[in-house]
Every structure is written in C-alpha cells, then in structure tokens.
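Below, chain A partners chain B and then partners chain C, in two separate complexes.
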Partner chain A sequence: MIGLRIAAALIATFLLAPTIVVVGSSFSGGTLPHFPPSDLSLRWYAHALAQPIFTEAAFNSLWLALAATAIATPLALAAAIAIVRGDFAGKSAVQAVLLAPLFVPAIVVSLSILLVSARLGIRDIGLRLVAAHVLITMPYLVRTLIASLTRFDVMLEEAARTLGASPFTTFRIITLPLIWPGLLAGALFALVVSFDNVSVSLFLTSARTNTLPLSILNYVEYNYDPSIAALSTMLVCLSLLAAVVLERLVGLRRVVGS
Partner chain B sequence: MSAGKVWGLLVLGRKSELALILPSLCVIVIVLAVPLAYLLSYGVYATGSGFQPRYGFTFANFDKLLRDPFYLSIFGKTFLLSVVATILAGVLGYGFAHFMWRADRRWRGVLTILVLSPLLVSIVVTSFGWIVILGRNGLINQALQGLGLIDEPLRLVFNDVGILIGLVHVVLPFMVLSVLAALERIEPVLTEAAATLGASPARVFRHVILPLSMPGIGAGTTIVFSLCISAYVTPAVLGGNGPNFVTTLIYNQFVALHNWPFGAAVATVLLAVALLTVLLYLRWIGRVSQAGVPAAEARRA
Partner chain C sequence: MAAVELSEIEKAYLGSRAVDGLSLSIRPGEFVTLLGPSGCGKTTTLRMIAGLIAPDRGRIAIGGHDVTREPTHRRNIGMVFQSHALFPHMTVAENAGFGLRMRGVSRAARAEKVTAALNMVQLKSRADHFPSQLSGGQQQRVALARALIFDPDVLLLDEPFGALDRQLRELMQDELRELTRRLGTTAVFVTHDQEEALKMSDRVGVMSAGRLDQLAPPDEIFERPATRFVAEFMGFGNIFDAAVTGAHTLALGAIALACDDAVPRSGAATIAIRAERIALSPDLAGGTNRATGTIIRASYQGVFVGYRLRLDGAGEPGLEVRESLQTGGGRPRFQIGERAAASWPREAVRVLGSTPQG
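Our next item is the complex of A and B:
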C-alpha cells in the first residue's frame, strides 16, 4: 500500500512539475529562468508586459476566444436541443458528425483551411481564425449541453406549457435555469480551448496578427529568458481559476469528457 | 413564423429539428468537410514548390513520400515514439487511476484538477517548463551533478527523450480518465465477494479488477496513440532540430519549403492513420457496450 502511495505521489509530481517550475522560475532575478529562483525579482513580469508582441497577441487571443464562443454556443445549444428532444432518422450520425472535429488532427484542420482560403482568396486572418475556432469549440459545447439537457425531466416543460406559459416563457423560466450550469461550463471550457489553442491557429496567423500561444511559441524558439515564465504564470492563474469554477459548476470530468 | 413559434420549436423540438441542426452542420461542412476534401485532392492534383504549383493528376507526391528513406524514417520514428509514449502513459495512467478510485472521496476534486492540469495549463507553458527541468543546466542535471552521480550533463531535451517525456505528460490525463471511468463501473460487491472467498488483494486485482477495467485500457490507449501521432507543440519545442515528427515535417514543408502539395500528401497519410485509430477506438467502445449488457444482467441475477 505504501509503495502504491509513493508511486502515485511520483506521478502527481510528474504531472505538476513543469507548471510549478514555470511559476517558480518566473520570479528569477537573473537573465536565465532558474528553479528554484536564486534571487527573487518581479522584473520579468514588467519586461513581459512591456512587450507589444505579447500584449497585442493577448488581446487578439481574448477577442478570438470571445467571438468563437459567442458564435459556437447558440449553434451548439440549438443542435443539442434537436438531438436530445428530437426524434428523427440519422440522429446518432448527426451527433457523430458534430463531434468529428475532435478526431481530426488539429494541424490537418489548420492547413486544410489554409489551402481553401488561399484558393478562394480569403486573406482576412480574423475571419479564418474565428471560423476555425468555432469549429473546434463546438464539439465540447455540444457534449456538455447534451449531458445537461438529458438529465432533466421534459415533464417540467410540459407542465409549464399546460399551465399556460408561452413557449418563450417556458424556455426562459424552466429550460434555461435548469441547463444554466452546463451552458456556463461549456462556454467557459470553450473559452479555455480557444485561448490555449496552438495547432489549429498554426497556419492561419501572420507575423503581424498572432495569437498569444503562437507568439510565445515563436519567442521560445529564439529566446530563453524568464519573461516567458512570467507570462506563463499569469496564464496558469487564469487556467486555475477556470478549473475551479468548472469543477464547482458541473465537475471537470464531465466537461473534458470521459 | 412568429417568434413564439420559433421558441416553441426550440423548446419542444418536434418538427424543425433540421432548422436547429442546420447551422452547426453548415459550420462542419464549410470549415471541415470541404477543406478536408480539398486537401485530399491537393495531394494528388498538384506538384512542385513555390506559390505556383503545377496542376494535373499525379501520384508524384505519394511516390516521393513512400520511396525516400528520410521521410519514411520520420514516419517510423513518429510511430515508434507514439507507441512507447502510449505504453508508458498506459502503465502510469492505470496506476494513478487505481489510486484515485481507492482514494477518499474528499480528495476527488483536488485529484481531478491535478490530473487534468496538463490539459488546463497551455501546452506552450508546460513545454517551456520541461526545458527548464530537462535542459543542460536544468533542475535534473544540476541535481545529479550536485550529488556527484554524473560528470557530464545528460542530454534530456531537444531530442527524442524530450519528445517522449513531453508526450507522456500531455496524454496522461486521457489515459487516467478512461481507466477511471471503467473502474467506477465495477460493482463493489464483486471485489468484496472475491475477498470474502479468500482471494488475496493481488488475486482480486488480477482476476477481477484488471479484466473488468480492460475496456478502459483499450479505449484509453487508442485515444492516446491518436493524440500522440498528431501532436505538434511537443516535438516542435522539445525535439531536436529539423523535422523530427510527422507534424513538424508537415510544418516544415508548408512554411519553410513552400512545398504545399507534398505537405498536403504527408497530411493525408497522417489523417488516414489518425482516423483508422479512431475507428479502432469506436470499435472498442462498441464491443464494451455489447459486452457490458450480459455482464450487467448476470450481476443482477
């Protein structure tokens, strides 16, 4: 039993090690990221926040995540309602098609969109990024929304209708509050998925219009200083916040899907 | 159609399921299906690098891919590293899932966040963390040198070892979740009965728990393998110079060499392998749900 516990502790260390080291080395005072940090300093935070390539990219990523989630959420909600409540031929096929983006390698998705947009002469980077991110966030939303819609009783809606509520009132007063945690959790996870994505954005950005993860990736290729660690620590804090909220809302495992 | 009617359909979803599903299906068709079809045709319909490829039906790209030992070796290496990473993730993931399954319920929330942390923290961040840990002057080399165990720093990153460590780290959550889901379906009565009848904990594990959690292992390893072969950030950051993985080869062909047709051909092969793995995965799931029914009935009887 003791042996198993030690093994579990080692695996837990393995899982957390890179994150802990990044956070720790962000407080380095020297020019190289070091863990444990030798002399404590916040200078690399100032350095990271003063670089326009990162701040601009952060804004791009934020807008992209918000736009993709805002578009994908209603689309996914409509589809989930049809799948759960509807009774039509090919329902399971439709469901499989909606989850398909999860099974295609992200890098293949990215370059196929690049090829088509090049062929059609679509040069708007924002447009192709938003389209790609709607595609990859939708499956997660569909999955969480199907789960929340399946779990509540249709009788509640029917009772409201019988008692004279209009369909809109029924949706607003009965359906929406009941699926609210699932809706919020799905949207939050969609934000995280979009904000962190690298492989789908890979071929769709340019040197001037970049997302935050891609600008970090480019920076790491030629530089090795603690500013990346500082930037990463800020991202880790955001992720942790999202994780806690998701766990409270519906449970993380349901969102990630297992 | 009045607004009330639209909402009515939304709520009761009786007749116009099509109207509800159409928008999301359009996204799939326009952003996924059509581009993928174009990609497939591009690999057999264009050749040559630069921005002006020659058009015309050809197998030249695939021919080049299958004949050149350099490209074949990249495919072989990707396959091998993915298999090894899958096995390692399988062993570690099973151990940790078993630990979570037996752990006190109070710890569930914390353990879940811990296990999913590689997914929630951006992969760019964790990859950078691995460089700090595994680098020439990194944590591990300094510790080993400090203890006097090695004289020269070990090469743990910017090579295949680095790719392997990074891959196992990022796919481990999926393995743990798959196995844990299977373990949680095991009825406690079964292990208790075996123990009551005198089986040692090791025998209970070998003859009851392990066979019943096999579906989780099958589903977990297939999904993990599929994620490994299509990983990009890990080989790009933690691997050595030059194309060292199928995905970085694709990137190299597209961005550095501008050989889009050949890149498309490589991507086609990657897509085929990935989808084949997913089909295998779905068959696993299918077999599991079929096998699950008589087992559940037997349990009730």
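Our next item is the complex of A and C:
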C-alpha cells in the first residue's frame, strides 16, 4: 500500500517536473532561465508580450485554431452520426480514415497537404493551414463524438418523433443538448491540438505567416532567455483555464467518460 | 371506419419475414393487445404503425387516412416505450408538454393542459422534477401523460410495464385501462405476458412467426384457441393429435374421447385439454374421457399441485394435471409412483381449428 503511494508520487513528480521547472524559471530576474529562480521578476512576461513576433503569431494561432475547430466540428459530427447510426458498406474503413491522422506521421500529413495544395494551385497560406488543421483535429472530435453518440439512447429520438418533432427539430432539441458535453470536449481538444501543433504547420507556414509554437521554436534557435518560459507558462494557464471551463460546464469526469 | 387498419403488411429482415402479410382492423376506442413470444413480430408491427419502421409491402391507415408513406411526426400517434424514453434534460412538465409544443400550442395553453395531464396521472406535485428524480412507476406515468396529452388518434404501447415489479405492474395496468376507457382512447398494446393481455384487452391478437394466429376477445382466446401455438401459449398443458372415430368422438391410443366441438369427418384432429380441467381420482375404473396411469411428477406450486401422469396404453408423453390444493385439503393427494385415474368433462376437450404440419 505504501509502496503503491510512493510509486504514484514518483510518477506524478515525473509528469509534473518539466512544467514546474518551466513555470519556476519564468519568474527569473536574470538573462538566463534559472530553476529555482534566483531573483523573482515578471520582466520576461513583459518582454514576451512586447515582442510583435509572438503577439502576431499568437493571433495567427488563435485564428487558425478557431477556424479549424469551427470547420472540423460540424464535419466530425456528421461523420460520427454516420458511423454510429449508419449501416453502410465500408463503415469501418471510413472510421479508420477519419482517425488516420492520429497514426500517420505528422510529416506525411503535412507533406501531402503541401503537395495537394500545390497541385490544386492553392497559394494562400492561411487556407493551407486551416485545411491541414481541420485534418489533424478531426480524429479528436470524431472520437469524442462517437463516444457520446454511442451512449445516446436512440429511443429518445424515436419518442420525440412520435410526439410530432421533425427529424431536424429532434436533432436540435433532443440530440444536440444531450451530446453537448462530448461536442464541447471534442471542440476544446481540437482547439488545443491545433494551437499546439508544430509538425504540420512547419511545412505550411512562411517567414511572414507564423504560428505561435513555430515562432517560439525560431526564437529559441537564436535566443536563450526566460521569455520562452514566460510564454509557456501563459500557455499552460490557458490550458488549465480550458479544463476548468470544461469542468464547470459539463463536468470533466463525464467528458473523459467514466 | 376503423381507427387503425393494417392491410397485408410485410417486413423482412435479412431475408426472414418478421411480419408476414398481417391484416388487422381496430375499432375506435378499442384496446387491442398483440401477444406473442419475442421475435414473433409484435413489436415490429407496432413500430410500423408508428412509422418508425417502413413496411416492405402493405398499407397502414390511421383514422381512415393512408399513412403508409407519412413520416412518424405527421401521424398523430402517442407512444409509450418500455424504457419510458423520457427526455432527461427536460422537467416532468416539459416532457409532458412536448407534444403540444411540437403542435405549436402557446405556452399558456400548454401549461394548463400539462397541469391537467399530470393531475390525471397523479404527478402534479412533480412538475418541476427531472425524470431521474422519479421512481420507475412515476416515470412511466409521465410517459403516459406525454403520449396522451395531445389526444392522439391511437396510443401505442411497447411492453410499457415490462421493467416494473409485479405489484406496480398490476397497479399500472389498472390505471392505464381506466384511463383509456375514460378518454375513449384507441390503444394497441404489445406484451409477451398472457395474463396482462387477457386482463386489459377488448381483443387479443396472438402472433407467431410474423402472423396473427388468432384475434379474438380474451375469453375466446383463452377457451377456444384456434391453433396449436395459441393453445400452447395460453398454457393448455395438454395438446394431442387424436384419431377421429365419430361425429364427436376421438381416440388417443386406447383412450376414448368425447367432445362438444365438431371434429373433422375423418383422419386426425388436434385437441387440447386444460391441465386444470382434469380431475384425478384413486378409482381406476375405465370409460370415455377417462384414463388411468402412473404419477411420474408431483410439484407443489402454491395454489396448485402440478402432476404428470404417464398414461397406460397411450404413446403420448403423458397428461399434465393441475389440481387445486383445496381438493386435497391443502396437501398434495398423490405421490410419485402411485396409480391414479384422470377424468375430464366433454366440454373441456377442445378441437383446434387447424392441424399442425408434419
């Protein structure tokens, strides 16, 4: 019993240590990140927020994440409904294709987007990025939505229809409110996945249009100061905020599916 | 004009016919039960009336209108499911008023009707509760109120009390019957419980293999089964193929039978005798509608003692006898291995309408 607790504590430490180090060193006062920080200061936060390359990239990333999620969510919902409810040949193949970006190396995904968009003559970087991010966020949405829809009792829809609700009304006031937790969780996952992504964006961005993770990467190549730690801490806080919002709205435990 | 009219409807799943050319005409205000074992097609039939399944062939009319091609939400039906299917994110009042809301009834008019409907099922005080806060019986009452509130042309019930315990089930059966009688609701009820079917219905339709074996009032189903299947399902206990020997006489091996029913001119007839219409006696004298044998099973069943008698001179597996415990003064009268004579009145011998194949 005690051994188990010690093991659990060690694993938790192992998992949390990098975050603690990053958060701690973000408060360094000196020009190099230190852990534990020698003299406490918020100057690197100010420094990071004052860099146009970061703020512009953050703005790009945010837009990209929102656009990709907004497009991927209805697509994933339609796909999940077809997979859970539908009865057609090649159903498992469709499911496999939709989940494929989880298993296919990101490099392959981005390379294929690059080739296809070049072939189609799509020059617009934003468009390429959105298309790629829709692709990589779909699996997360499809998975959570399949889970929600599988647990959803189809008889509720049948009951609504016998009571006079058209298929669309039934979907709007019965199905959607009841799968809402899964939808919201999937969308939040998608936002985070898109916002964090490096590997796919790497191939598709340009020197002028960059995402936040890539600009961090670029910055670290030539600079080594605690502003990166400060940025990372802000991102960690954002993720925590998302988790808290999710917990408040629908209950995280329900989302994770216990 | 029939309230519900099914004409030659047919539905096949993976090549096997779930419903096979079924016709049924239900009168306004009538309570009809579809009774049968699982897989007999009763639920499929009900769901086709609801429009939740489309028939492969045939016609369905509700209130004189052909609705075969109408989607469910345009049929004006009320349906109660076994799992009650209440909307978990809506209150009891919102659930009950759902059908009115879909029909564009104003909020104020709805509130009034919801109150009346919840009153009708004694749940007015629970209007603001959520379904998960109610007991099983209460949930099914809400489902009933929800299905009745907009005055449907027909109320469809799919084993609505199957999940309830016996006491509650009997209470709900009484309430439902009282309610539909008072409101004059036409109802189609689906169950596999013969007692429930007999108790509630104006007419019972016994189904097997996608067909309606017999459609008749409960006493007729119980007393005069049309087929071997109905006789078995109604618990006759004794069903035999007997040789015809005269206008009202038959022979089962060496046993002579006389009956009131008409028998075929010649050949064989399937007969059924209810186990509880047979009396046992230690007097081993012979005669018509009498048979002697050895007790090979005696099982105490509360109100009854069930005996099985291996008959002398008959190839049949034996005779099933259910004797009231009162006959033996509260105790079984015979032991396994004892000799006894069985006898039954001639009107207890039922000649079934059709002879089975093979």
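What we mean here is this: the second predicted complex is superposed on the first by the 230 of 258 C-alpha atoms of A that agree within 3 Å, B and C clash if a C-alpha of one lies under 4 Å from a C-alpha of the other, contacts with A are read in each partner's own complex, and residues count from 1 in each chain.
Just so it is clear, a residue touches a chain if its C-beta (ideal position, glycine included) is under 8 Å from a C-beta of that chain, and two chains touch if they have at least 3 such contacts.
No experiment lies behind these values; they were computed from the predicted model shown.
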Chain B versus chain C as contact partner of A:163, first or second or both or neither: second
Touching partner for A:223 - first (chain B), second (chain C), both, neither: neither
Touched partner set for A:178, first chain B, second chain C, both or neither: second
First (chain B), second (chain C), both or neither touched by A:153: second
Partner chain(s) touched by A:78 [first = chain B, second = chain C, both, neither]: first
When both partners are placed on the shared chain, which of chain B and chain C touches more of chain A: B
Touched partner set for A:92, first chain B, second chain C, both or neither: neither
Common interface positions of chain A, toward chain B and toward chain C: 161, 166-167, 170
Residue numbers on chain A that touch chain B, as the complex places them: 4-5, 7-8, 11-12, 14-22, 25, 32-35, 75-76, 78-79, 81-86, 88, 94, 97-98, 100-101, 103-109, 111-116, 119, 131-132, 134-135, 138, 142, 157, 161, 166-168, 170-171, 175, 192, 195-196, 198-199, 202-203, 213, 216-217, 220-221, 224, 228-229, 232, 235-236, 239-240, 242-244, 247, 251-253, 256, 258
Sites on chain A touched by chain C in the complex: 153, 155-156, 158-167, 169-170, 174, 177-178
List of chain C residues in touch with chain A within their complex: 50-52, 71-79, 81, 83, 85-89, 98-99, 102-103, 146-147, 150, 156
Interfacial residue positions of chain B with respect to chain A in the complex: 3-5, 7-14, 17-18, 20-21, 23-25, 27-28, 30-32, 34-36, 38-39, 42, 92, 95-96, 98-99, 109, 112-133, 137, 139, 169, 172-174, 177-178, 180-181, 226, 229-230, 232-233, 236-237, 247, 250-251, 254-255, 260, 263-264, 267, 270-271, 274-275, 278
